[in-house]
């Protein structure tokens, strides 16, 4: 698994998912957004962490009585205990929110273990409780039924699809109010750097537009006057 | 219609829809969640009541001029006056939210009449107004057009489908932030009792997990030490 | 383009989209709701303005590198600068929210230019930022990817479909918490007048229902006693 | 139930569902097509008959063991024996083809009883067998699972929705290779007459277009020369 | 992997997918139909074989240039060479038919290798060519784009979902004109036996219904007279 | 509009849509398939022609009485008379097949005028009649209602979306049993040449695979022995 510095991960905390999507788009990657998921509750800051995955398949009734959870090796429970602190648990629920992918107790356990976040392309139960926890969680919509109703956890930390996006173990997962973006581990460092630079320029553009300037020649930068203004503006910014 | 004690109905107020879904799952009932509906506004407490139903079919234009409401027997208006206090009005809108199932005035009338809640698998109009009322309302999404545009009220208090779930008149309808669950009247008492017991144990688990304990052996309970801890914990709980 | 007085536009600010939908329904127009869109953030007041449109088609990769924005005539950017103050920019994104229709910078520019609102049947990026702006914005859901990923802006101010509704340039666009309604320009004046009158009567009905009166004979008005009560109630209302 | 002459029903055998849809459109009825259904196998002639309905709701597992069919009053089996010869059995399966609405044995029994056809907005099992029978059958797609899996037959000969269209018992149901149209019983006679006349003119148009004539002035008829040609053409037609 | 006799597999060739679905339903298995797939071309006989699986995830552009096929270990190509003769290759394409799961050349290679059939919940390209081959193939619809456009083959012979059904390597896959059913390997023998018996009785019912008998008391068998008739009928059947 | 030789157009007649999709994929174009459309009836040969477009928006009731067709300039009828012989009429129906995009009479007129084909991402009425005509037609499914029910023809020969693909006037449209591919006019010549070469090699592969050869090293060609075999095979082919 590609090594990624903590300083790189920290950079992702200061950039938005739209900026990341554009940086990936420049590299020919058009399909790295986990479609249709949003955070539960109010995010205090972006979710950032490397992907640890859990794969569900459709549940077969005879293999999914409640008693399966008596087995400490059950993949869902095992994943909750195995997902490394600082990682994001990403679940392939085949986009099916008719039964929950997880509930309040498992998410609380992940939080206590220092996991950085949790994502499903299905739904969570106990959504109000999860909304109040200190761990970012992203899903499609709340869903009361137990996962056993429709989802059978089958293996962990394999490549999966989630919300139509490919997710490989170790990819950088970033989530904010616009959803979740998957940054391939191999290009995480360069994407982080570029996104930081883009963010700075976008902040300048927001300032200028807020002062009444037209976007033409400014966004994107084509008028050299704006280049000059930007360099001056940067000097005025407080150090970060 | 199966008789259900008020004390049973009261028990449902203290348990969540996920807990109920699991209790039903144990009994082989996997399809009792009304899919895709959420409460308007902030629920102060769970919605609990017995189902009174209204069935819509697709509207035929010649049968649905606005003047149909001049008839005091029009099924939609009749249902609003007939739904017993304490019941929940559940509407089969065929999952179609392109026109409203009801609006603020009808919901207000239901509230004044002491109805316990209202559910549609379509949408409500005047959603901001309804959000502020003292009656729980669950729908798919807001929808401005009058019901006559697409929905013709055809009969009341017959078995219906709502959000993919079967709803029989008299079933217990419970709604919270995770959606709505339909408990068959025949098993309401036993499900209520079991859900109360499950809720108590889950509260214990939340406490233990919040203290850093692993879920293995705890949820579900397979380690006898946890059984002992649970019994001690119970003694410490304030009487409800 | 049909002329519409400012006084007519002002009337639309005091009526709800459900009331407008019913007024249009009386005229045989059943399909004027832009389906599936809701406001970002809390609306301070209704969005009202005449439609200025932007049409997207599916993006062809070779025609949509990021460099297209270097062209000041790019239809998306041109539309943002051309949409007249007081108008509503309505975008046909083919109901596809997998890529954004616009983001925070463009919406801020529209706000600065005095545009009255923005609507897409897709999604916006930078949704949290837009939620806090003083310009109403309606979409399906947040979406991080740049519009170039899936949407190619192709022309402006032509008739379009948006959320399944026909939108002609100059139509009156009204948005509130129940979504967005399109009022054909040709009948805007009469619809505004009727909606104002309907709203007054509905306010009376809300009062009466809040006092415990049945809807039968009241909504709609069929009992002459209620006509009399209404006339008295009107006299008691403060002048608007 | 409105009386309809056999001669009227016979007229429907000679007209197509598109022609009927247009005749209904002229009367303000835009939603009388059962959407998404097609005939199994090759139709020898149009399906024509009056609607007899069967309504399904979602199946509750405890009420739908295979043993329910031991009850001769089970609504699905009862409907198959009760549907009058010459009628069309129309089933509301909520557009859900994941389980069958009926299979080969029941359809064969309907055929033997002289029923004129069968329609579901779900699917049939034993579709190859049904394709070869002398009874028209329309569905969405083949589906192997027994109806009990998802569909509980609940009552018969009530108004239903089927494929998004309203169907009242006694309505005239017409099916051909373009799908199924529902003609309200009250206007069946006049619609039949108009459709016969339209069909004759369309036959003329097909002839003219086949000879190379433009559709302008011909379809619809606005050029008086074409009126004259049509009258001459009619005289040349063999008596029907 | 559970052993299954050839004689058991042979029994599956004589029974239909609806009969199998009912036999599984009796055992509490309601979700073993691969939804939404149909055979290409005319099936000469049922498809029967044990499942060998291939799992796709969404394609990441940088990992899916055409040159990946230069690698003889590419999972899609490897699966085509590894799937055992007599097995059925079942592909999890996440229900996405916007790009092909495979094309004519690969299907031809499977046929040459003696593979018993191929199933995807997506689509095939070269569908006309495949329709004419001596290997049963089931899909959702034809699809021209190469699999690399949207599908990345990731691993083989792991448990998958296909058309909403769970498929474990070694399960018995049976396909006919009503679609595809997955029989868990563990119960294949008993299900085969029961289905054979059910088929015989259904053949008797078809005969009786074709002679005009009512289904009441016959299907299911509740009238003892029919039991007697059935035993006589069996004696008259030619040995199979 | 880019000029395209007849010889280039002729080349497209000998290649399949999957081959074209792969040739476009090599050039970074992943989205040129009109999704979800298939030919009516049996195609005698591929449909090839340059795109002439018609754009529909959702129908507004007051603008779409049947009498609109009295106007010879109505865009639908005008398009049918204006589409050049040899072109393909491609209609943007917003993927909505609930009402027809056109019917038998208009398609017959197109055929008589020498138009090369017709495509809609909605549906046709009179589908059986169209199936028998000597003009290829592609749609989603048959649909009986008149286009006026839901579709208002608004302009012609502008860039449109069809089945999720971008279509510019003059693009080369190729259709066969796998659906329809849009080849941008600017690269039509080079794509045609490449597809012809690919087709020849694929024919060789089909031959080899039919003789029992593995695909490894053959498809794609990585084993030099196969290159030699291919060159020999080519010499044996009859001249085309």
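Letters A, B, C, D, E and F name the chains as they come in the text, with residue numbers starting at 1 for each one.
The rule we apply is simple: a residue touches a chain if its C-beta (ideal position, glycine included) is under 8 Å from a C-beta of that chain, and two chains touch if they have at least 3 such contacts.
The shown structure was predicted, so the numbers you read here are calculated from the model rather than taken from an experiment.
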Give me the chains shared as neighbours by chain C and chain D. B, F
Chain whose Cα centroid lies at the greatest distance from that of chain C: E
When the contact pairs of A-C are compared by residue number, which of A-E, B-C or C-F has over half in common? B-C
More contacting C-beta pairs: C-F or A-B? A-B
Using C-alpha centres only, name the chain that sits farthest from chain B. F
Turning chain A onto chain E by a C-alpha fit takes a rotation, in degrees to the nearest 5, of 180
Would you kindly state whether over half or under half of the residue numbers at the chain B/chain C interface are used by both copies, giving same or different? different
Chain centre separation in whole Å, for chain F relative to chain A (CA means): 39
So the centre of each chain is just the mean of its C-alpha atoms; given that, what is the distance between chain D and chain F in Å? 32
Based only on mean CA positions, could you tell me how far chain B sits from chain D in angstrom? 37
Distance from the CA centroid of chain C to that of chain E, rounded to the nearest Å? 50
Which chain E residues reach two or more other chains? 28, 30, 164
So what shape is it, when you link every pair of chains that touch: line, ring, star, complete or other? other
Write out all the pairs of touching chains, ordered by chain label. A-B, A-C, A-E, B-C, B-D, C-F, D-E, D-F, E-F
In the complex, go through chain B and note every residue touching chain C. 66, 69-70, 72, 77, 80-81, 98, 100, 103-106, 108-109, 112, 125-128, 141-146, 148-149
Chain A to chain E touching residues, read off their complex: 27-32, 57-63, 94, 152, 154-155, 158-161, 164-167, 184
In their complex, what parts of chain A are in touch with chain C? 16-18, 20-22, 25-26, 30, 33, 35-36, 38, 164, 176-179, 181, 202, 205-206, 209-210, 212, 214-217, 219-220, 222
